[in-house]
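Both of the next two complexes hold chain A, though its partner changes from chain B to chain C.
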Partner chain A sequence: MRIRRNSSRMKKIENDNKEDTSSLQDLLQELTKSKEFTQFTYPGRDFTLCFGYYVSLINLEILHRDILPYVKELTSIYELPYVLPIEDIVITSDSKEIQNSLLRGSIFLFDINNLSQVGIVKASLEHVRQVSLPEVEFSVVGPKEAFVESLDTNVNLVRRRLPIPELVIKEIEVGQLSKTRVSVLYIDGIANNENVNTVIQRISDLEIAQVNDSSTITQLIQDNQNSPFPQLIDTERPDRIASVLGEGKIAILVDGAPHGLIGPTTFFEFFSAFEDYFLNWTIASFFRLVRFFAVFFSILVTPIYVAVLTYHYELIPKDMLATLITSRNAIPLPPILEAIILELTIELLREAGARLPTKVGQTIGIVGGIVIGTASVEAGLTSNVLLILVALAALASFTTPVYQMGNTIRLIRFPFLLMAHYIGLLGVALSFCFLLIHLLRLSSLGRPFLEPFYPLRLQDLTDSLVRLPFSKQSKRPILEQTNDTVKFNQSKAEKKNDL
Partner chain B sequence: MEKKELQISPFLVFFLIHSVQVGVGVLGFQRVIMKSAGNDAWMAVIAGGIMVSAVIWYMYLLLNRHQKNLIDIHKILFGKWIGNTFSFIWICYWLLSGIVVLRSYIEVVEVWVFPTINIFMFALIFMILIYYCVSGGFRIVTGLSFFGVVIPFYIFFTFFFPIEYAHFQNLLPVWNHTIKEMSVATKDMVLGYLGISTLLMYYPYIKQAKKSQKWAQLGHLLTVTIYLIIIIISIGFYSEEQIAKEIWATLSLWKIVKMPFVERFEYIGITSWVIIILPNICLPLWAATKGIQQIFNTKPKKILIMLLFILFCAMISIRGRDNINLLNEYMSKFGIILLFTYLPFITIISFFVMKRRREKLEKNS
Partner chain C sequence: MRRIRSLLLIFVSISYLPGCMNIKQRVLDDIQLATAASYEHIEEDTLQNTVVFPNFQTDKTVKNVTLTAKASLSKEIRDKHSLQSDRPIVSGKIEVLLYEKKTAEKGIINLLDTVQRDPSVGLNVYLVVAESNPKELLSKQYGNIDTGMFLSNLIEQNIETGLIHKTNIHQFLYKYYSQGIDPMLPMIKQKDGKIQLHAIGLFDNDKLVDQIDEGKFFFVKILVDSKSENDSYEVKFGEGEKASIFNINSKRKFDIPKPMTNSEITITLKLKSSIREYTNGKLTMGKMKELEQILEKDIKKKSVELIKRFQEKGIDPIGIGNAVKTKTRQWDEKKWDELYLSIPINVNVSVDILESGIIN
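Moving on to the complex of A and B:
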């Protein structure tokens, strides 16, 4: 609702703008309202020129080095593109266009006696962060470039990896206030047209005032916006984007966001780190299996503890029960409270660590992990068995390579806990069924989320729970419904490998 | 035939058939068939399997001829009013089978895990789950059937634990029962295989439906195999006098299972059974919803809520072992009449009606 209201107000502003800037004179009047708008006249050889720009947006060095020394020779505005050593020069009379380019860092200049033709020269000043190491998806081996906030740099990073004309980049402007440039990347001839159209359609239909990050786009265009599960992967690795584009997926890059989006995707892809492709397939598969185990462990272990200790003591063999009882006999709280207190403590630690600067964060880790943990066991508030389990579950949830999915895993543990307290193991099973049906109902850009298991596609299984050798992955995933399904000719590749 | 996006691959029929057959029945079918067939009960399992295999065969015969679901076939053969009345009987049957499965499961939970469980809340949680599943449409129900077979499959390995204590000489002497005793046992065994009738509703949702019979038969074969393994182990493990007292013999088998970290495996078994019986309820309810939607042309979500309300009321009003047994009996008679009398009858009628219509068409042209 709020977005819609904003948008209607925004339209009003736009309409006002249109009326105000119907002529250049009016535009100038409008612009001079801002203090940083600079305007001056400059005597040329044949006529006097008038310059205008936002001083904060342009690079003054370009103005003094590449523009002012040359304009003296001008005989008419039309000569601008031939005289100035700058590529991006437009001559127009459209005041709307002038205004837009000014706001994107251009200088305009015109003959003081002829207001109808205005030259726009690009001289924008951009503060761009240097391409640096990936922080969220760091890998020991493999490329170490990560996206930055500038869309052009990011596109450059992807295009350098795919030097083919078929890589198409569609640009859409989103947000009435922020005017954010959103790029949709796909490889023509491989990507499924229906998917491409869906993405472009959904982005163009967005009615929103500001786009702050790529995650705004994810939340707005994913199939089910109420699900805690992300349905598009976000990545900061240009190599990952280049690689999945080759599989027929579609990538979205947003100006100002150091993360790109990938879709359509599956639940299982969220647990594949890009590093898996840099390691031998046996090792990579092992790591993936460890991650899947970690997910189930992380979700289920505390609920099962609560269920068993609240209702089903009989399940545990005698010897093991002794260990559990000794660790719990002095504890006054029921298992559910014990578990919730500890789970919340871990969440507090995580949240505090995330909000504080790194150096203070380390202190939090020590205070939380060692002091609170040990003290609460010694004080008899929690059992040390549960402390171990909760800590392990938290550790396991951090193995998820995609940050957003890790958060989801930590959240869905709580309904499981409550149900475990209510009807024991049955509650855990019922919650699991609920989770399963929810995942079955999800889709990513209209493609089933639990593929390759349901619908079962053996070919796509080669790169899901495990990652088989590259030579076995000669075809593109069926999920993407690509136009060109073959990556390389397997029999030919085998022949070449032959002794 | 439905739209292509809504259709499922033919091999998924394997899971649909198998998942709807295996339900609460597996937990305690031994006592009933061993009462009449004793140590020859395994033959009854095979004989019942063959009979149901024949049912699948003539269901496909009927469906392949019409390429439509049961409601449409009824309309074609009997006209709108009579046809819809027959359809309505089937819908009642599906709803009733949902009631029986869920109520029997709740009874197992009551007896084995939580004697004082709040049925009201427990049934309510189930209703929400079923609504969430069935309202997602047929693809979601199929998905649940698929996972309902794949995920709990580990359970079947635990049936090998009692083999250590089994005496397979119990199986001998082979064939020491009369034909009459065997046929009673076979009839009782057929109940374990019921539920396949939902095929009559989802047939139009199968891609290349004609070719899917192979998968349906294979799914049925898996059910027969599982029943066969369990009955052979049970015959070896229990004596005939002992099994007469075991209402849930399969659950008692699990008492033997012992692993370093788990004892009393029946708790885990009953818990995992949730995901096995869920498709067992969702599929008939989906069929009933689809049927009513076709007859009355109303919104499926409203129908589903109405059906769930009936299901919920049944859950909280049916109490006591005797009533549940009675319901089970009615339901099985109902099922047997529909599958073994009504279905062959309608298959034959359809053959003649379609033949006459074709002749008429030929005459006219």
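Moving on to the complex of A and C:
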């Protein structure tokens, strides 16, 4: 509200929206302020037509090929839908609707003598990227389609995978300036109504000027906005969205965003790559366990190194003493500074690599990996044991399939490090307790975040830490509280039909 | 606001926490890790203590460094060591504690007290009796490793391969405080510049009273451990006939028909063995049966001898008293101690040779 009061521009828009009854004359006056707004008259058979459109938004080819040759035959504006070879034609007198359509790439035309009826013809020019390979969630096997920036294309990609009338798509407009279309997808009869209502209500209640990406929506509608942990999964894979819709989850697609959102979800789902479902369950389960190991390793390894070297020399096995002490022999820094320097170096490398163009980015790897790593050990600033540990921890954090979660894991390592330096392993244990309590308190769209471990739901364990065979997953997750809990008949699925 | 206040409270309480816990930073490379310490009485009330610590060189070699000091209390010695050292000496990595033989004869429980009280010293530290001068023994370096680690590896290796019984502070204290069982410790000596584990010292409570030499470790092991494995034994029979047997596993059982009376106690030993070496031509099934009987007789004879020796000294490393105690309602230690000296103890041995190796 404060923003609106301060901004005069917002005020104007607000006023425009209020005055539904303002005449077309006023609207035209408003529109002609923009240079790219084009207006011209065109002689019809019985009357003179007036055309108006934003040149940047419409496809001029449609105008010249499908509109202008036909309007000459026009006797009344009401004939428009029957004369033009275009589907999306509306006749209206509502100036607000006219304005909105113009801004979304329509042409309006009216009889110069009759301002009350205006025809709106859709002729929008869309620059849509081709559907291409998924880059963040690439999989060797399985479909290789990723979402693009166009909502209609994205919905098309999902609907093609779920050709059922129960797939409902609710559209909400968000953002006073950006007017972004946000779609909520769910399967009627499966998805829990409470979840659906929560999502729709949260999105419609949003007070924001611009929505540029789906991540904006995540940050705005997730249950705890201060938590470093994302509570909605974002994915660029239409197959993943289609698949979780079938489990009773709800998906959110945002126009202009090449990533969709999924909720309610659990902590453990962030570590399941969609490729897991394309591999045999034994292999997929192994990979998942590796990923969970990687998370714990990534968070705990440097803090434990710091704690043990600073406080608990007793814990070091006698065979490792020589390795550790010789590697730290000439290092003037205490373990905590050593660790922080190395961790920050890795973060710097990652950040520099992310900001630079790809071709320059490659050199960053060389500079970081070889020059800084080797040189810092040779210069006696860091021990080579820690260098290996930090590098492994960084590598482990990159195994997380959801990018946002990977970032979180890299961040929460630092409080662990400080506590390890402060009170040793006790500090690591305390930090871990804090983390656990925080995770326990988190929820995703009101559903517990640490399910199926807390609360314990044995049925949901079939697809969390490990992925059991499909025939064992005949029921939808309890987490979703679905209206229809059974996916398929398990006994039929397990029956061998071979003769 | 409430949230911020509670967060603040947590941070404040954590920041005071280290003050309450007496946590001191001891960065690994700023401390001197003692790996072994030896105690010896040089006068009636004066202890001489030597500590060993490794000095890791940059070229991956290890130098053995020792410090020696004298005092009347063992923790006081540490301060005196500190006066000679460039870095604080810490005791958390001690692997072996050595007691000079004469010191051990006087009793070691008072010397163990400081180790027990120190939370950084674990209970898996090995206790050893040194027959030669411990200071000399520790100051010599045996290979690219400091002497503390060397001793620790020496004992650990021999426990794992089954030559000597399991031993560490925990085992020692357990046997010291339990009734009807006495502790044993390995004994080492320096010979021709090498360390040798040459005997097992037998203790009466905490005082060294007797020792069993190398050749009889086998009997100590099969009698002391209720389940033992991996030991080996050499038997001679006839004229120049020799066989070495390897104990795959053995079980020991006490048979106490009437506890706390003078009636006979029977110890049953069941050995499953294999033959490792045999020096008299072809080993047939008949000869194996014969060998089993010889072994049974031999082991029985030597075991009974050993137990007699224990009884004469009034010590009970096998824990016969302990076994009797489990069967007695009102246990009277004094009465048992008197009984033990004269109670007849019989040993039944059955040897089962399972395999005789593969000969092409």
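Note that in this section the second predicted complex is superposed on the first by the 478 of 499 C-alpha atoms of A that agree within 3 Å, B and C clash if a C-alpha of one lies under 4 Å from a C-alpha of the other, contacts with A are read in each partner's own complex, and residues count from 1 in each chain.
Please note the rule applied: contacts are C-beta pairs under 8 Å (C-beta built on N, C-alpha and C of every residue); 3 or more make two chains touch, one makes a residue touch a chain.
Note that the structure is predicted; figures quoted are calculated from it, not measured.
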Fit or clash - chain C, chain B, common chain A: clash
First (chain B), second (chain C), both or neither touched by A:Pro455: first
Contacts of A:Pro335 with chain B and chain C, given as first, second, both or neither: second
Touched partner set for A:Ile423, first chain B, second chain C, both or neither: both
First, second, both or neither for A:Arg441, with chain B first and chain C second: first
Touching partner for A:Met320 - first (chain B), second (chain C), both, neither: first
Which of chain B and chain C A:Ile91 touches, first, second, both or neither: neither
Which of chain B and chain C A:Cys50 touches, first, second, both or neither: neither
Partner chain(s) touched by A:Thr310 [first = chain B, second = chain C, both, neither]: second
Superposed model, chain C segment overlapping chain B, candidates 20-28, 56-64 or 308-316: 20-28
Overlapping contact positions on chain A, where the chain C interface meets the chain B interface: 311, 314, 316, 422-424, 426, 430
In the complex, chain A residues that touch chain C: 308-311, 313-314, 316, 318, 321-322, 324-326, 328-331, 334-335, 419, 422-424, 426, 430
Complex contact set, residues of chain A against chain B: 311-312, 314-317, 320, 422-426, 428-430, 432-434, 436-438, 440-441, 450, 453-456
Residue numbers on chain C that touch chain A, as the complex places them: 14, 17-18, 21, 23, 25-29, 31, 33, 35, 54, 56-58, 60, 62, 90, 92-93, 95, 120, 122, 149, 152
Chain A contact footprint on chain B (complex, rising order): 8-9, 11-12, 109, 113-114, 117, 121-122, 125-126, 129, 132-133, 136, 140, 143-144, 146-147, 150-151, 258, 260-264, 267-268, 270-272, 274-275, 278
